[in-house]
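My structure is below; once you've seen it, I'll send some questions.
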Amino acid sequence: MSEQSWPSAISEIGPNLIRLRGYPVEELMGTLGFAEAIHLALLGELPDRATATILDAIFVSSLDHGTTPPSVLAARTVASTGAPLGSAVAAGFLAISKYHGGAIEDCMKTLEHAIAHAEKKNSTFVDAAATVVDAFKAKGQRISGFGHRLHTKDPRTTRLLALSDELGKSGHGVKMARAFVEVLAKSGTPLPLNVDGAIAAVLLDLKVPHTLANAFFMIARLPGLVAQAHEEQTRHKPMRTIDPKVATYDGPPLRHST
Amino acid sequence: MSEQSWPSAISEIGPNLIRLRGYPVEELMGTLGFAEAIHLALLGELPDRATATILDAIFVSSLDHGTTPPSVLAARTVASTGAPLGSAVAAGFLAISKYHGGAIEDCMKTLEHAIAHAEKKNSTFVDAAATVVDAFKAKGQRISGFGHRLHTKDPRTTRLLALSDELGKSGHGVKMARAFVEVLAKSGTPLPLNVDGAIAAVLLDLKVPHTLANAFFMIARLPGLVAQAHEEQTRHKPMRTIDPKVATYDGPPLRHST
Amino acid sequence: MSEQSWPSAISEIGPNLIRLRGYPVEELMGTLGFAEAIHLALLGELPDRATATILDAIFVSSLDHGTTPPSVLAARTVASTGAPLGSAVAAGFLAISKYHGGAIEDCMKTLEHAIAHAEKKNSTFVDAAATVVDAFKAKGQRISGFGHRLHTKDPRTTRLLALSDELGKSGHGVKMARAFVEVLAKSGTPLPLNVDGAIAAVLLDLKVPHTLANAFFMIARLPGLVAQAHEEQTRHKPMRTIDPKVATYDGPPLRHST
Amino acid sequence: MSEQSWPSAISEIGPNLIRLRGYPVEELMGTLGFAEAIHLALLGELPDRATATILDAIFVSSLDHGTTPPSVLAARTVASTGAPLGSAVAAGFLAISKYHGGAIEDCMKTLEHAIAHAEKKNSTFVDAAATVVDAFKAKGQRISGFGHRLHTKDPRTTRLLALSDELGKSGHGVKMARAFVEVLAKSGTPLPLNVDGAIAAVLLDLKVPHTLANAFFMIARLPGLVAQAHEEQTRHKPMRTIDPKVATYDGPPLRHST
């Protein structure tokens, strides 16, 4: 390695040779699901089957949430000016920030902090959660991952935790998230675990570092942003002023995959 | 619907209700792979099993291509200034443009044009391809999807077409791409089908509109951009001037999934 | 110059040496206005006094246009999520595209085309304008730079052309723009020259290439986007859904600089 | 004001009416320099003549700094892929972050903190600077605004402070910046005030809030990013791998404006 060169451990590229984390990419094609390849790219190793199923469930859960999120308004607004799809989704990504999408990372940090507290103090998870909840209340701060303006019992949360339990992947993260719910239920302001909080708990148990939490959300949401921006350019006239609150769903009625 | 309201057919959202193209999202979680959900979001319907396998293969094939693509240089450069991951990948997306990533859409249009020509003239695909190749040569233009600066026989191309054949999904798109290869082989400048061309042919046979071609590439590449930007922020010191040509791979050596 | 090196003619940088297009930057500081320095950076030479005054007028004219442009909605939406100002204005810039801000470049091309037509055919500017207007009508296309949804007699247009006349800078561009107005007035659909059209005409007479037209608009508009995004973050609560149509001005009442 | 409406104090827009902070924009055109209009837009009031001259000097000082800054590499890389200028400069802006451009805001905060310390403790500025410098050293942190990898005596710094002195605008900010230089000179590691530090000191004395510091840098730098991206698209071939370290200046030789 010359003194100028710098290392990268992601892909090895040469003439007619493309390897992802050591695996020839053509051997992965046709055998690996996209979520498994994402795990390999981001964490360096192939996931086991249960992990892959949970990752697929996370990506599916967060793929889209209708027209109201700010990332969708930014993406549609840019798409409406005649910009290419790539510019529209880039603008959408810039709106995935502190108050939108950032809850997963914040909740992971809170859960990690509470777990470390329980281990250090040799206390129960509920006691540790109570201590952390009190600290947040004392500072007048919201705890990311709990409560939702619209969903009081988010079906994605229920499903994701059940899946993690069924597949034997629930660990300290999920246990601590449930401890928070228990503590909050007894407090004056009961707050449900929302989908960001459920994803945070499950990612923690899958050993995903919190520095990648926003990335998981962005990967999940990109197809939704593409669908929204593409619909804007193919169904609506350019340069309209988009009011996200008055969109009406006119897609297929309720249906079930068998 | 009030006169202000506007329609969207992607997601239906209500209290404790999230439906993607009509399907309750919690019913899709745990049963659907990410690639299947992407197909549902972008094209409106669930794919059959063979289509899902091919989509997974496309996403896996294009997930990353090392440190030299301009999208990676843009993403790493922004990551190196201490910006959040979302800003880094947004910058990467802005580099997916006419000369980078755009080849899939251009090649789809060329194949569609040649197929329409064959149908209109009632000619063979090889004759139609020859006419189109001549027209490109007369204008001194390159045909997107053919030739590669590095890969003379791209293993991803071979694998993707084989998979499409095996699964019975190869149609006019793949047939026409092969007609172009045949015509180019006989011309003075034989050019192989590259991975963009193979994806273009296969997406055509999966009934994906070319307006979504760039989007499929962006969805495939996002986890790669995340991995590159995250590696930049976790392995390298900030504000370095990144020379993409001198990166050296130091990840796992050749290995195989069983 | 080694074979790897590549040339740039903008700035020369060395230890304690910063030169812009050959001028030591410290000699320009305190003597040059920002608009003059912009001219030097983009076009390579210092402008004369009249040109500088017109450029200042262009930048002032397009600095802001309230809360309704899509670039403002994109910038405010991103700002509202807690993103940094740079991300907010980047999203705003992505909305300056074909249908927003692009009119200046399109109008410059139309005026150039008509001027070339008049010169080639040795016809009057009004005859050339009539030919071009007829061609647009035949194709059912709008002519960029004429007509405005809100302003029937835009005070910025009047002022900019008067200034260009007064300072002796009106040439073929302004003359042709007026020819278009004359032709359109006689047609069934009279359309006023809008501010984009006036800027296009004046930039043409200042020898600015149309490839830089969007850039002049972006440079003018950036402080407006900053003001809008900064106001969003300092006056409004985060994560609000922004409806640009219902903003109400509550700044200083009408006043005049003396 | 209906309950939905929200206030904005920047521009008042109506049919044939465009007012910036209360002033009819057509009255500002031809009389106001761009820097004065920027001050009006961002701070709400017209600047006095001396302030306008200093703002012009700040914008001129930071307009461009050659090919090596990461914002230029990001902008040129995106421009090289055939993307529109707006996408290129948006990518450049995303690179203006913590480690690039952020020094002005950080330095303003440090100077404000030291000034507040001096006032609270009724100490000299040099004593307050010494206390703050010691605190930074104890934490092993660099002080933004001091030191430069290339310029040991930056001519922009010298000129900007001289101008501020001459025009009678130097106040607590400039005084405290000089106190830091004095303290650092006596310490083991003398560090000069760099151009970011000089701008920070001067902006403080012009009553610009530090939340707008990055914005002033972005406004100054945009024309430079445009010039770099435009040069990339007009002088260089597309999709080249850009090595910023080997660019060679080939513009006009040293010259002086009279």
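Letters A, B, C and D mark the chains as written, and numbering starts fresh at 1 in each.
Keep this in mind: contacts are C-beta pairs under 8 Å (C-beta built on N, C-alpha and C of every residue); 3 or more make two chains touch, one makes a residue touch a chain.
All figures in this text were calculated on a predicted structure; none of them were measured in a lab.
Peer 1: Given that chain B and chain D are copies of one sequence and touch, is their interface built from the same residue numbers on both sides (over half shared) or different ones?
Peer 2: Same, since most residue numbers here occur in both copies.
Peer 1: If you average the Cα atoms per chain, which one ends up farthest from chain C?
Peer 2: Following the centroid criterion, the farthest chain would be A.
Peer 1: Just curious, how far off is chain D from chain A if you go by their C-alpha centres, in Å?
Peer 2: 36
Peer 1: Can you compute the centre-to-centre distance for chain B and chain D, using the mean CA position of each chain? Integer Å is fine.
Peer 2: 40
Peer 1: In whole angstrom, how far does the Cα centroid of chain A sit from the Cα centroid of chain B?
Peer 2: The mean C-alpha positions of chain A and chain B differ by 23 Å.
Peer 1: Touching two or more other chains, which residues of chain D qualify?
Peer 2: 68, 86-87, 90-91, 94, 96-97, 242-243
Peer 1: Touching residues of chain B toward chain D in the complex: what are they?
Peer 2: Touch residues, chain B against chain D: 68, 70-71, 73-74, 77-78, 80-83, 87-88, 90-91, 94-100, 102, 238-239, 241-245.
Peer 1: Looking at the complex, which residues from chain C come into contact with chain D?
Peer 2: Residues 1-2, 4-35, 37-38, 41-42, 44, 46, 53, 55-57, 59-61, 63-68, 84-87, 89-91, 93-94, 96-97, 101, 150-156, 158-160, 163, 211-212, 214-215, 218-219, 222-224, 226-228, 230-231, 233-236, 240, 242-243, 246-257 of chain C touch chain D in their complex.
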